[in-house]
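Going by the order they are written in, the chains are A, B, C, D and E; count residues from 1 in each one.
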Amino acid sequence: MRIAGTANLFSSRRPPPGARPGEFVVPADAHPTTIRAIAWDHERLDIHEIRSAEELQAITAAPGLTWIEVVGLGDGSVLNWIRDVLGVHPLAVADIANVPQRPKFEDYGDRDLLIAQHARILEDEGVELTQVSIVAGPDWVVSVLEDPCDLFEPLHERLRANAPIRRNGSAFLAYAMVDAVIDGYFPVIESLGELLEDLEEEIMDRPGRDALTRLHAVRRVLLTLHRTMWRQRDALGQILRGDGNPFGEEVRVYFRDAHDHSLQVLDAIESYREITVGLMDVYLSSISNRLNEVMKTLTIMATIFIPLTFIVGIYGMNFDHMPELRWRWGYFAVWGVMIAVSLTLLWWFRRRGWLGNDDDTKE
Amino acid sequence: MRIAGTANLFSSRRPPPGARPGEFVVPADAHPTTIRAIAWDHERLDIHEIRSAEELQAITAAPGLTWIEVVGLGDGSVLNWIRDVLGVHPLAVADIANVPQRPKFEDYGDRDLLIAQHARILEDEGVELTQVSIVAGPDWVVSVLEDPCDLFEPLHERLRANAPIRRNGSAFLAYAMVDAVIDGYFPVIESLGELLEDLEEEIMDRPGRDALTRLHAVRRVLLTLHRTMWRQRDALGQILRGDGNPFGEEVRVYFRDAHDHSLQVLDAIESYREITVGLMDVYLSSISNRLNEVMKTLTIMATIFIPLTFIVGIYGMNFDHMPELRWRWGYFAVWGVMIAVSLTLLWWFRRRGWLGNDDDTKE
Amino acid sequence: MRIAGTANLFSSRRPPPGARPGEFVVPADAHPTTIRAIAWDHERLDIHEIRSAEELQAITAAPGLTWIEVVGLGDGSVLNWIRDVLGVHPLAVADIANVPQRPKFEDYGDRDLLIAQHARILEDEGVELTQVSIVAGPDWVVSVLEDPCDLFEPLHERLRANAPIRRNGSAFLAYAMVDAVIDGYFPVIESLGELLEDLEEEIMDRPGRDALTRLHAVRRVLLTLHRTMWRQRDALGQILRGDGNPFGEEVRVYFRDAHDHSLQVLDAIESYREITVGLMDVYLSSISNRLNEVMKTLTIMATIFIPLTFIVGIYGMNFDHMPELRWRWGYFAVWGVMIAVSLTLLWWFRRRGWLGNDDDTKE
Amino acid sequence: MRIAGTANLFSSRRPPPGARPGEFVVPADAHPTTIRAIAWDHERLDIHEIRSAEELQAITAAPGLTWIEVVGLGDGSVLNWIRDVLGVHPLAVADIANVPQRPKFEDYGDRDLLIAQHARILEDEGVELTQVSIVAGPDWVVSVLEDPCDLFEPLHERLRANAPIRRNGSAFLAYAMVDAVIDGYFPVIESLGELLEDLEEEIMDRPGRDALTRLHAVRRVLLTLHRTMWRQRDALGQILRGDGNPFGEEVRVYFRDAHDHSLQVLDAIESYREITVGLMDVYLSSISNRLNEVMKTLTIMATIFIPLTFIVGIYGMNFDHMPELRWRWGYFAVWGVMIAVSLTLLWWFRRRGWLGNDDDTKE
Amino acid sequence: MRIAGTANLFSSRRPPPGARPGEFVVPADAHPTTIRAIAWDHERLDIHEIRSAEELQAITAAPGLTWIEVVGLGDGSVLNWIRDVLGVHPLAVADIANVPQRPKFEDYGDRDLLIAQHARILEDEGVELTQVSIVAGPDWVVSVLEDPCDLFEPLHERLRANAPIRRNGSAFLAYAMVDAVIDGYFPVIESLGELLEDLEEEIMDRPGRDALTRLHAVRRVLLTLHRTMWRQRDALGQILRGDGNPFGEEVRVYFRDAHDHSLQVLDAIESYREITVGLMDVYLSSISNRLNEVMKTLTIMATIFIPLTFIVGIYGMNFDHMPELRWRWGYFAVWGVMIAVSLTLLWWFRRRGWLGNDDDTKE
């Protein structure tokens, strides 16, 4: 899902109202599905491409922890395997398939569902959200990515490197995935910070329609990120508060750390939202200054020349008896009067601060 | 109830203040009432038109689950059958009859009342809400629709198709109805999204009174939908939290899914409300740009021609002694001066960015 | 208490700071007090005017339920009877006397105090609040109305008609009073809805100071009604949540219904408050449109005639050598030029949408 | 502490950061300290000036209730007596000395600290807050006033008059003090109400810089009062909720009454704050109306006279061949044309409502 | 971290997304690390520079309380000592290293982590935040300062002076550190108060772009301080509410005092934020007044001279038959008319309050 402009943000793929609960739709443009299993114990780490429900059944039945990694939602039968072979609740499978869903945690006994949204900044200043669905079973974890992305690369590394992650259970693996999603917001936040700095400069210098449109686009991106991260924080809070400790006490401290990171991201987003409010003020004030400047120019010109035009109008009258017209130096006297009037007005304008370099007229 | 414009939104049909609790009114313009019962067990599915309290009594007394489907509120005696034959509390019957009520869940022992509002988008961009009242009894469910609509068509299909819905109890049937109501908001939300896109374009291009009126109408629709869905979410949350599990543990997970959908709808509505706030900003900024543009035009014209008019005024004076008037090339010299003044002013305007294609003057 | 304009809303009658708790004041302009008792059991219903503490003592000592109806607060001794004969706490009596108090529920053992505010719309668009204080004792209920009004007329009817109200206890009677107060807000809300429709039309057509003043008056009324109803809802919520069920389980469902009605009133008031915010936007936009229109008129006139005036100024110059002045068709050529300039400018204005029927210039 | 303008509101007297907890400072401008004890039992009531720690020791050791009344904070040794002789916690003493503190309730075993702020309206529309610190011990109460004021006069009266206050314990005495502080806000609120009425009139009539400054000053006063009373309400709510009933059950009902009064004060303050928001709208709208009026005047004058000036300019041209100039009635015909043009424009202005007594131009 | 302008506020030093939990980065520009231990018991107080993990081990193993004071984050191995020798959780160490973190309290058994932000005002009106991390172990406390500063000077003094702080445990020492941080906000708040007073004067006198920029900078500083202190208050509240009293009952009253100080700081910050909102209003109103003033000047000049210019235009016409031109006193009569017109207009302007010293035109 891309966020930028007023795109129809919420057209999630979903069955028609009144459909059977647990139903899902596979849209034509969904990414083709690939599925593989990473299985390990203390010594070995095997990667299998999975081509049938039976293969999936065999691998999860073997001892050791298994990570079933699904990428792309184009193939409904794979989702049916997860439902039928792994015993995931149909409603959970529907939430995996009908993207986008709001980030959430749902407790289905020992098949807990965690939905998160991975954020990535695009080149045109938009942000792309990719749904990451995680089901943590007793000795396996299913991860489903809406579209291919390199989110889980570092986890693959750590598994290959035989890091502590390999000596922990499925709950820790689920945590590691969530942590990767949440930490992935930090670079996005930094890009938005740079974007706001650019924008501030542009609004100061050229406060036009274009700057306003960009400002609104950033506000919408921040709004969506805020809502998404807020939900993610809620889901993590639910895990922390959860009765019966869904993921066991020993990984609780790690989930608390992820929760803390989500709060940091929220703080940053909220600060940026306040900054956009300030930029809107600056924008309006710039527009207002420009109008003031235009009006001041008009007023100065008009106020100086309208009296002068009146004066020359007087001596354009055709009365038979206008003594000044006959005077030898009349014409030059009129010039003198006009120069005096102009200088008086200019002096008055300067005293009021309407001329020159005061703040208001600088651009 | 239609929402659009400032129609008197809240004139619910209700008895006068101080009336006996449980009293209800049947307004003259209410839709005539039809009532039928759909009864089934593992093998059969019968549909009966019901014409008397005795028929209703006989059908609900028979074994198996019964769905009593009432459409229209024009006939008070049908509501009295529900009160007297099925033992529904008079206050619940009054809430069914005195539409519109806020969506809510009320626990009356084993006759739980659920009130929801079905939303439908109209052709003129308004939204129509139809009250759906559900009473879930031990082995029957009463549904009352304020006006006829095709909300329950998919449920009829699923019942005829012998889907799982036929093998579940009254709580699941009540859930299926609520789910149909809530999922019915998604198409409404999508239509509003498209409407907002149109509106954004209109406000950018022709920011007039008409666009503002449409924007306000959309805001009111969003406000009402938000309030309604918020209440619906509350009612579902009450069922989820409910002490003693009003609907049993096994359908709880389905109600949680409906609760989750209501949150998705709320998210969408809130985003759209923020977008309307942004559009208001764009509108005000467009109006302001137009004023700036008008003032700039005036200023440019006046600032160029007022000095020129002054100059020609000078040589319209009738002094006897004005040496320039006698010069051979005086007239042409004046033209030269005037052209020079104009060009200087034009250059100055261009340097300040008041001419040409800067952002401010584009429409 | 009348609400409209900036009247000093909160000058409640109260003793000076530091006075003994439970003290109350009887202001000179308070309505004279009348007190009567309505006593009934299964068969009879008697109405007694009460003239002394002893009579009150005798009536409440008799078996059956008694409603002691006090109207007007002008006579402090009647309040003392309530304190001394019926054993109502002095603080409760002070709250009854020192009107207006905020709506509230206070549990004084088996002498529970309920304070509500009855709302009535006035002819000049203001709203009048009348304090209704209810003390529910074991087999009597005291109601105190600040001023005479017909709030309890329907209850008298129902009592005379031997309705179920006569077969219930003091808690149900207290409920019936509160219900009458809350349902009395619905007609007020409807009147305000009509008022807002009028106001919207006025603001569209004649957005002046007068419309703004009326809008602010409505906002203040809505603000006060919201605050009052919010407190009333709180008091009802307190009764519903109340530990030890102050009023017994069997009337709880009725108080829940009253609570639900208070929520409906609050929904309506909140919607109206949002509508007033929208009207403020429309008002500001109308003012802004009017300024735009004025400026556009000025700009069009000035922009057309300033260049023309310059042209005629040229040929008003008195140079000896101005060839055009001698041409045979010079005068008519100038007219041609001037008409061409005017038409060009008019065409340019029309192309920019400044002329004619675009939205901005329509009123 | 005075509130008005942007005075540095929060420069409380406090020791430097990092100082020992419980330290306090005695500023040079603090009011000199006086201390006296009022001791009573059923029969007698004695007032003692206290000059040493030993006297204090002796008086509190005697049977009966003692009120130790301290006024002014200029003498640190008196505060040390309270700490050392009465066993008040050093942190509590520091809060008494380092004024202003936020109103609060702190439970230190049987030496509970209550801090409140007494409000008094000043003649220049500011408000002065005086800290009132109360420590309720087992059979004594210490009250410390930051500055002398007549807050406790009515309590002295009631004690002298042998009112019920003399037959209650230290908790009731502490309540009576808090009640005096809270009821002291009612006259302040009333003064502010009158001030707002004045201000509204001024803003309607003369919406200048001065009115805006006064409006902002009132907003700041309301803001501070709101914050202060909010804290006071919190402190009272803490006493009401308090585990173990810090002050015993029998005075709980009195503290509930004080809590209710604090809610009434808060309601009033919040209403006034909403009214100031409305006044800001009125102010902006007045300013805007004035600009509209100025622009309309300009537009009417310019639009009438610019065409006329053009017309007279035409016949000021010096073409040899201008037939109209030779006509006998040419001059008068031009006058006719000019009058016709003026009347047409005036008619057009009137039709648009720009002339005369419509709302916009009224001041 | 400096706050002022739109600096990229949230670029905390952190490892890339997906890194192992507990990892931390040591940036090149971090301050070099110094570490020393202050150990004491009833009699002695020793200060040791620590150069190896073994020294740290030895000192903390000795009896008595030890304060391990780390300054600067340039040396990762010191942080590893803390993790490995003192048994601090790797996630806690990562929070110490990856500055800035939000202020928080995290319970890791008997190694509780407290993160706070020390605020210091800079000369250019910005504010600098320095992270202070505190880990309270059983008989030692680790403090880590991001950069050197004199925050803990007073504590050193008190330790040297054998103040009560030396006779309390590690919890009291941790409290003393937090108290120093929170009390350090008071001088910052006072400086901001003075800054706001300056700013108010500037906005009244010279409401230009520069004042607006400074106002926005102050708003951002206040926003960040508010957020930081809010989190600090939350962390203290968590300690106060904490199940199992993380720091023991006897220091709870001190933490409550620190919590109370944090509320005072928050009150001050919130008041200042409201004041900045008021200043924004004053700014906009000043800008608006200036535009009004400009327009009024233009209108007065134009309205007076445009009719006069028309009049003199009339008598510049060249009609053969214009009787007035031949009159003996025609010219002087025209002057009389013009003076009369001017005076009439001036009188009308004065009556409307457009001339002279009314509020609007004063600067």
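Here is the rule we go by: a residue touches a chain if its C-beta (ideal position, glycine included) is under 8 Å from a C-beta of that chain, and two chains touch if they have at least 3 such contacts.
It should be emphasised that the depicted structure is a prediction, and the values quoted were computed from it without experimental measurement.
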Exercise. Is the contact between chain C and chain D built from the same residue numbers on each copy (over half shared) or from different ones (under half shared)?
Worked result: different
Exercise. Once the Cα atoms of chain B and chain D are superposed, what angle does the rotation have, between 0 and 180 degrees and to the nearest 5?
Worked result: 145
For this session: Averaging only over C-alpha atoms, locate the centres of chain A and chain C and give their separation in whole Å.
Result: 41
For this session: With chain centres taken as the means of their Cα atoms, state the distance from chain B to chain C in Å.
Result: 26
Problem set entry | Residue numbers of chain B (touch at least two other chains) | 291, 295, 298, 302, 306, 309, 313, 316-318, 322
For this session: Spell out the part of chain E that touches chain D in their complex, as residue ranges.
Result: 151-155, 158, 163-165, 176, 179-180, 183-184, 186-187, 189-190, 193-194, 196-197, 200, 253-254, 256-257, 260, 263-264, 267-268, 270-271, 274-275, 278, 281-282, 285, 288-289, 291-292, 295-296, 298-299, 302-303, 306-307, 309-310, 313-314, 316-322, 352-354, 358-360, 362
Exercise. Residues of chain E touching chain A in their complex?
Worked result: 6, 8-12, 14, 16-21, 89, 91, 95, 101-102, 104, 106, 108, 206-212, 216, 219-220, 223-224, 227, 280, 283-284, 287, 290-291, 294-295, 297-298, 301-302, 305-306, 308-309, 312-313, 315-318, 322, 324-331, 334, 363
